[in-house]
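Before we start, here is the structure in question, set down as structure tokens.
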Amino acid sequence: MQPESLLLVSVLTLLLPFLSFVVNIFFGKKLGKASSIVATSILGLVLLGSFVIFYFKLFAHFDSKVIVNYFLYEFSNEILQLKFTWIDLGSLQIKVGIAIDNLSATMLVVVAMVSFLVHLFSIEYMAGDPRFSRYFAYLGLFTFSMNGIVLANNFLFMYVFWELVGISSYLLIGFWFEKKSAADAGKKAFIVNRVGDLGFFVGIMILYFSFGTVLFDDIFGSIAQGKLPFNSEAILTLAGILIFCGAIGKSAQFPLHVWLPDAMEGPTPVSALIHAATMVAAGVYLTARVYAMFTADALTFIAVIGAITAFISATIAITQYDFKRVLAYSTVSQLGYMIMALGVGAFTMGVFHLVTHAWFKAALFLCSGSVIHAMHHSAHHLGDHHTDPQDIRNMGGLRRTMPWTYRTFLLVTLAISGVPLTSGFLSKDGILAGTLAYAQLTGGWRWFIPIIAFASAGLTAFYMFRLLIVSFHGEPRTKVAEHTKENNWIILLPLFVFSILSLWFFYSPNPLDAQSGWFPKIIVQPKTVVPTETQWDFLITHSFLGESHSSIGKEAHKYLNHFEEVMHHLHYPAMILSLVIAGSGILFAFLFFQFKILNPETFKKQFPFLYSLSFRKWYFDEVYNAIVAGGTVLFARISALFDLYIVDGIVNAWAWVTRNFGHFIGHFDNFVIDGLVNLIANVTGFFGSVLRHIQTGRVQTYVAFAVFGLILLIYFLI
Amino acid sequence: MLEILGFVEDIQKSLFLFLPEVFLVVSLILAILSDLFFKRLKFFNAYVALVGFFAAGISLFYIPKDQVGFLNSFVVDNFSIFIKLIILLTNVIIILMSFNSKELTHNKLSLGEFYTFLIGMTFGMFLVTGSLNLILIYLAVETMSISSYILAGYTKEIKRSSEASLKYVIFGAVSSGLMIYGISLLFGLTGSLNIVEINKILQTSPIPSLAFFISIILILMGFAYKISAVPFHFWTPDVYEGAPITITAYLSVASKVAGFAVLIRFVRSTLVAETSAQQEIWTLISSIDWTFVISILSFLSMTVGNIIALWQNNLKRLLAYSSIAHAGYILMGVAVMNQTGVASVLIYSFIYMIMNLGAFICAMLIANEINSEDINDIEGLGYRAPVLSAIFSIFLFSLIGLPPTAGFIAKFYVFSAVIDAGLIWLAVAGVVNSVISLYYYVKIMRNMFIRGIEVEKEPITFPALNLVVIFLLSIFTLVFGIYFSPIINWANFSANIFVK
Amino acid sequence: MGIGLTHYLVLSAILFGLGLFAIITRKNAVLVLIGVELVLNSANINFVAFSKFNKLNIDGHIAALFVIMLAAIEVAVALAIVLNIYQNYKHINVDEVDTLKE
Amino acid sequence: MQSNLGFPILTLITFLPIVGMLLVLLVPVFKSKEGRELSHTIMRWITVVFTFFQVILAVLLYINFDKTLPGVNDISSFQFVEKITWINANFPIVGQIKIEYFLGVDGISLPMVLLTALVCFIAVFPSFVIHKGVKGYFAMYLLLDTGMMGVFVALDFFLFYVFWEVMLLPMYFLIGIWGGPRKEYAAIKFFIYTLVGSVFMLLVIIGLYFSVGSFNMLEMMNPENYKPDSIFAGMHTTIRYIAFMALFICFAIKVPTVPFHTWLPDAHVEAPTPISVILAGILLKMGTYGIIRIAFPIFPDAAGYFQTLIAWVGMISIIYGALCALGQHKVGQKDFKKLIAYSSVSHMGFVVLGIAAMRPEGVTGAIFQMFNHGTITSMLFMIVGVIYDRTHTRGLDEFGGLATKMPVYTGIMMVAFFAAIGLPGLSSFISEVLVFLGAFNTYPYLAIASGLGIILGAAYMLWALQRVFFGKLPERWNKPWDPTGKEFPGDDLIAREYVAFVPLALIIIFLGIYPNPMLQLMNASVNHFVEILKPYVFIGSFLSGM
């Protein structure tokens, strides 16, 4: 297969979903139900395309060559690129384009797969919605933008599609805009993301200012040649962190994680697609994309942010009752994991977790969708509109009524909890090992990262099993739960696919070691380009550092760099530790909710503060509403009033003064001049007695004033 | 004996210079006579006057220029001819205007005297523009003043008209008294009444500054009262409001222009030491900064006029104050004290004549129809009389000085002259004033077009003659706003004041 | 010592002031007009005095004649107007003729 | 250089509307009701036809325009030039007064010409709802059209000033007669504000004339042409700074930038929809156009001196305008139009910031933003007009759930709103990005601060979106808009509204995806412009630092 045609395929993969968007927007009304078929089949093509790209990228070999015309192609085994001038300023052009490398090829498959299955799922789930076709249109728009992010080979395109996924997520969260909460959630998501994007954009500005281009390879190239923004490593670090701000927003990292749980207002398949599997992972993807330009400090920042996020959201998830909210917080927590992994240097494992997480989290959400769908139907059937179909306290005993959903849910719960034989175990175990290695290599306060990592691993296992047990085990707690029925195959099929994908053998023959799988071979940590003194020495890849620097000498060449070496050595301890912790988490979950040996209520009583802290989500929303939102609105109100009264007021006051001065002058000769005449009279004080009876009429006052004016004139000019 | 002969010869020669005035005098006499015989024919004198003005106008183009006559007391130059033409045009328009003026036509007394006095006043103004002798100046000013007193009170059974004339006559008498007192002082200081000789004497022999200054100021006040410059403007609003609107229009244009003419000639001939050859900058005699004096007058006039006008609700009174303000703008040109200044004054006077007369005719027509001069009564007029209102707004925009109307050109050249002379503060004051003036001019348009749309009143029709007149005037206002080279060239040609 | 130019000038100045004062202060229109006369005549005194004492030409005398003549005309017209005022107002108090005002 | 076409196209495009105006004035208005309706229809279609001719001419200009010629201060590279001596009078002292009828376009003015033609054509359709004084309305409309077009093609300063002022009078009446409840106040306020600015411009024009001896802008841009010891001779003199400030304030009032903006909300709120469209779509651009065309090239030294101040003004306008717009949700009568008016202040702030950057990206972004803001804000105001025509209210609180009642309308509206937010794929994104990239080069901190404006922009726009289009539809709007079904058949947009909206939406999307057709138009000029200013950037900067 020729590289050009491969790029052509990728362009098609990019544009086809947009076609689905256009078709459904303009002809949705006519198509009616058919619109879903159209959209899904288009997505089928996209999926096919992405598989093709994946296959050829990995197994075909391209000899690098360059064809230059209006479009500029660059091929090599590493990367296939297509560039063209988007913004032509005469003196300087802003070039953009798309690139395919292993990372993007992999990501494409993930996106296409999840999107396709979610389309499938939605056919049944969204059936009968008044804006059925609109829904699929938005899904198409989203997939288009997501593919754009994946394929972008420059910051500008990245930003463009970054905003576009934001807007499509806005539209989909607020899809049921009659509900105020939904509309609010959409707005919140968009604006919070904007905050992150501002940082992202400032980062882009810094880089453009320094290098005059937005292309990744150009920028990295010039950094590698030692050209730094503002010739300062601090600014380079800053730029990295600013770029990462985009990820903080999109991937709902602390402190901007507040929008994601609210985003659950959207239809559940959307949550699965956008807010679990793909879009929120875009932040991780971005971080991985520009990984090469992060300095050690920037990486530390990233790791810390990831760790904090992972822990906070895990603690919150423990006490939530809304089925989807628990999953949402677990998503945030898992994203924290990935970010942390990238931060500590476990690049491969971070990306790996992104992939595995995509599958099992999508599965989890679709399961919840299936559950909620069933609950909804039975509630509808019973004519019961009070019981919230998403509240796990209203569920229970679903294991019997919905066996298949239960089985898949169980499988993926095991995966996310990191039980062996699952994909989740492979990736998570790798990350934990990475954190340990990181802590060991750097030491000091950084030990808190692995500690937090393990703690949240345990919490994850705990709250996931809590969810499983409370909703599926035991006896039905409501009639609604009792009358739920299993859904049809359209809904179940995607569940099965995802749950199967959560098994180990897809990734590695050895269920205990991801390193032996194929994934680490295709996703290799990029060579960092930042100046040597600003990077972790243990992340310096041997290939261009040379054997001598390696501490362990001979066998070093087995590993990419010192870090991987240490990580490898720490692999088994990490595994055992994580198994123990995860196991204990599961055990406690059973003790609490299955066997009721321990009573959660007593814990609430004993640690009211901790409980409410967790239950009220660490009060983030309250604080933000009070300070940020409230502050802004107050300020806005003030300035509006200011504008209404002060700024305008000044002008009007001026006008008033002029007019009334005019009025004053108008009456001048009535009051003042008489006075002046009297004054003159008194000064001349000659005919005093006569003057006492003076009554000047108007024309005479005129004369008097004229004369007085004359005198003034003479007086002042001499 | 020979002296006598010389005088006779001189007078014979001078009669040619005097041809237009002669025509005026003849028509004046004719008018008086006809008024005795054909009392029946209301407008007979109007035609007599028109003929006289026409004859005078024609003769203006044939009399020899740049010559002095009558013992160096009277001069004819392009400057005076320009002014005289403006005055004649004003007269013609006023006469056309008077045909439809209800105030004038709807009363017992015949109009004969009205036109007679018009002619008389015109004669006075003609003299004023050309006279080089202080006494002649005084006589001419008095001639126009006295006729104008009578004209102001012409509709004598109307209370406010008579009141106007009373105020006018008292104020006028006082200022003429002050002027003649000043003249007497100047005569005492220089020993001559001929301003050209005075100028020579001043250049040769030094004179006590204070007395000289006072005398000049007193004389200037006589002129300032004619052009109603602040602080000698107090008669203006009352007289303008009280007098019949035709007369108001006449006073606001003709006598003002005449006043400017005599003012400029007096300053140019008396106070100017010498003029630099190529640049025509006037350097003034004596220590006093006359430019500053006149700048002050100009500043006061426009500011006070505009600011008080903001509060007027009577159309005539508003236009009166606006005319004070415009006097201020024209004075800017005088203050410049060079030929550019004079040219800009001429340009402004000519355009001011067109637009102000137009505005006054519109005001008169409106007042005739709705029997009120209150601008609150013209609400919705734009829908009852669209054409008239549109034309009226053209004049108002011209008075504001917005392109593409002639008013803009007038202001443009005045400001150019002022900036060129470096009086930037005066220019700034001028533009600020035109912004202030915007407010009250627009107030009229607002009432015509924006207010009173709801009330559906029957449309108004106007006498064709005056509609034609204002239509022509508005056309000129626009044409001169877009293509103004002729005026400028003509004004520059006329800006050259003849000095013997 | 004889009477010099200064005396005349002072006299005329006093006349001038009196005239102005009369104009400004008198109620009766006729008295106001008389004030005007005083002013004009003060000017006349100047003219005549100047041309007598400064050994100048006779222009001054001529001027005085003109002024006298004009004063007469002016007063005639003014009196006519005052009469008219009387017809309209039934009085000639200048300060009560003030319907036209701001 | 003669016009590249056979005929004087600029004169044509400028004065065509005047012809239309005369025709409109000639249309007789019959007494009978049908008769009046008929003549009204005739007037409307005359206007449509003439403005459409203008659009065609504009397209001709675009096709025949040579993108390689810079223009700006170089007469030889201006295009479609028409140069006739207009006034030629001899003056003492001043000497020959020569005023030329001098028209021409370059890469800076052509986008504005296109915009003017487009918006004037589009805005005719909302004008169809005018039923009172139709003749006067369309006459004024066309006169306004000429005034605006003239401003963008005039290269003689005197001519420029004439057009600049000509536009005031129709605007005054259009707001004053056909406006809302407080129309008188708004109209006179607009009038006085603009006049205050322009009279000072007049003084500067005269001063420049005496220094250069000609009203030709291009000659004024060349320092050699200044007579020695004339007012504006030399560089970096105080008088030049003052003159520049006078010009800048004159234009800033028009833009309007904070603190000269208070006329805008009133004018917008009171003006009828089509006039708001023209006001926001074209008139505001005159301010920034004046800055680029006149203030900067004629006083480059002063421009460099005040550069930082201007950048600050731009930044403050962005933030302050956005905050005020956001405040409209809390304060006052919560008027939809007022919100959009303030958003204009904010968006024009980007233009000012971009110009102040004095960088190719910045200036290109600024001009492009002018064009985009023209199209986008026109759409926004027409969107408000649509519901106003149907419900006769604009209160943000009085609506909700329109998305269910009027889906197509909502779709159109989303394009406009997201464009206003600066969503990628829509034109304003490109221009704002360019402005930021340019501004960051010169004023990194100001650029970052202005970034807040984008967040606020998203906030107030989405807020409005939610209030008006989302949520539940109030009971009172449940019935069809007009029961007769004559004026608004169906609840959604009607034909002439489609005609108005669709072209704009298409342009916004197209330029958002492929901006080059517009950018390449200005490249040569912008780069030349930046070259001219380069020597003066940051010389003895006022408010230096930052």
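A, B, C and D label the chains in the order they appear, each numbered from 1.
The rule is simple: a contact is a pair of C-beta atoms (placed from the backbone, for glycine too) under 8 Å apart; a residue touches a chain by one contact, two chains touch by 3 or more.
Being a predicted model, the structure only gives us computed values, none of them experimental.
Annotation: A-D is the more contact-rich of the chain pairs B-D and A-D, by number of C-beta pairs in contact. If you average the Cα atoms of subunit B and of subunit D, the two centres end up 44 Å apart.
Between subunit C and subunit D the centroid-to-centroid distance comes to 66 Å (mean Cα coordinates, whole Å). Distance between subunit A and subunit D, defined via averaged C-alpha coordinates, is recorded as 37 Å. Note: centroid distance subunit B to subunit C, computed from Cα atoms, is 26 Å.
Looking at subunit B, residues 166-167, 170, 174, 178, 238, 308, 311 sit in touch with two or more other chains.
Taken residue by residue, subunit C touches two or more other chains at 20, 23, 32, 94, 97-98, 101-102, whereas all remaining positions touch fewer. For subunit A, residues that reach two or more other chains under the stated contact definition are 666, 669, 698-700, 703, 707.
Annotation, chain-chain contacts: A-B, A-C, A-D, B-C, B-D (touch as defined at the top). On the subunit C side of its complex with subunit A, the touching residues are 20-21, 23-27, 32, 93-98, 101-102.
Of all the residues in subunit D, the ones that touch subunit B in their complex are 86-94, 97, 132-133, 136, 161-162, 165-166, 168-169, 172-173, 176-177, 183-184, 187-188, 191-192, 195-196, 199-200, 202-203, 206-207, 209-210, 231.
Remark: subunit A residues 658-659, 661-663, 665-666, 669, 698-700, 702-703, 705-710, 713-714, 717-718 touch subunit B in the complex. The part of subunit B that touches subunit A in the complex is made up of residues 166-167, 170-171, 174-175, 178, 209-210, 213-214, 217-218, 221, 225, 230-232, 234-235, 238, 288-289, 292-293, 296, 304, 307-311, 436. Partner subunit A is touched in their complex by these residues of subunit D: 189, 258-259, 261-262, 265, 320, 323-324, 326-332, 360-361, 364, 401, 403-404, 411, 418, 423-425, 429-430, 433-434, 436-437, 440-441, 444, 447-448, 451-452, 454-456, 458-460, 462-463, 466, 469-472, 515-516, 519-520, 523-524, 526-527.
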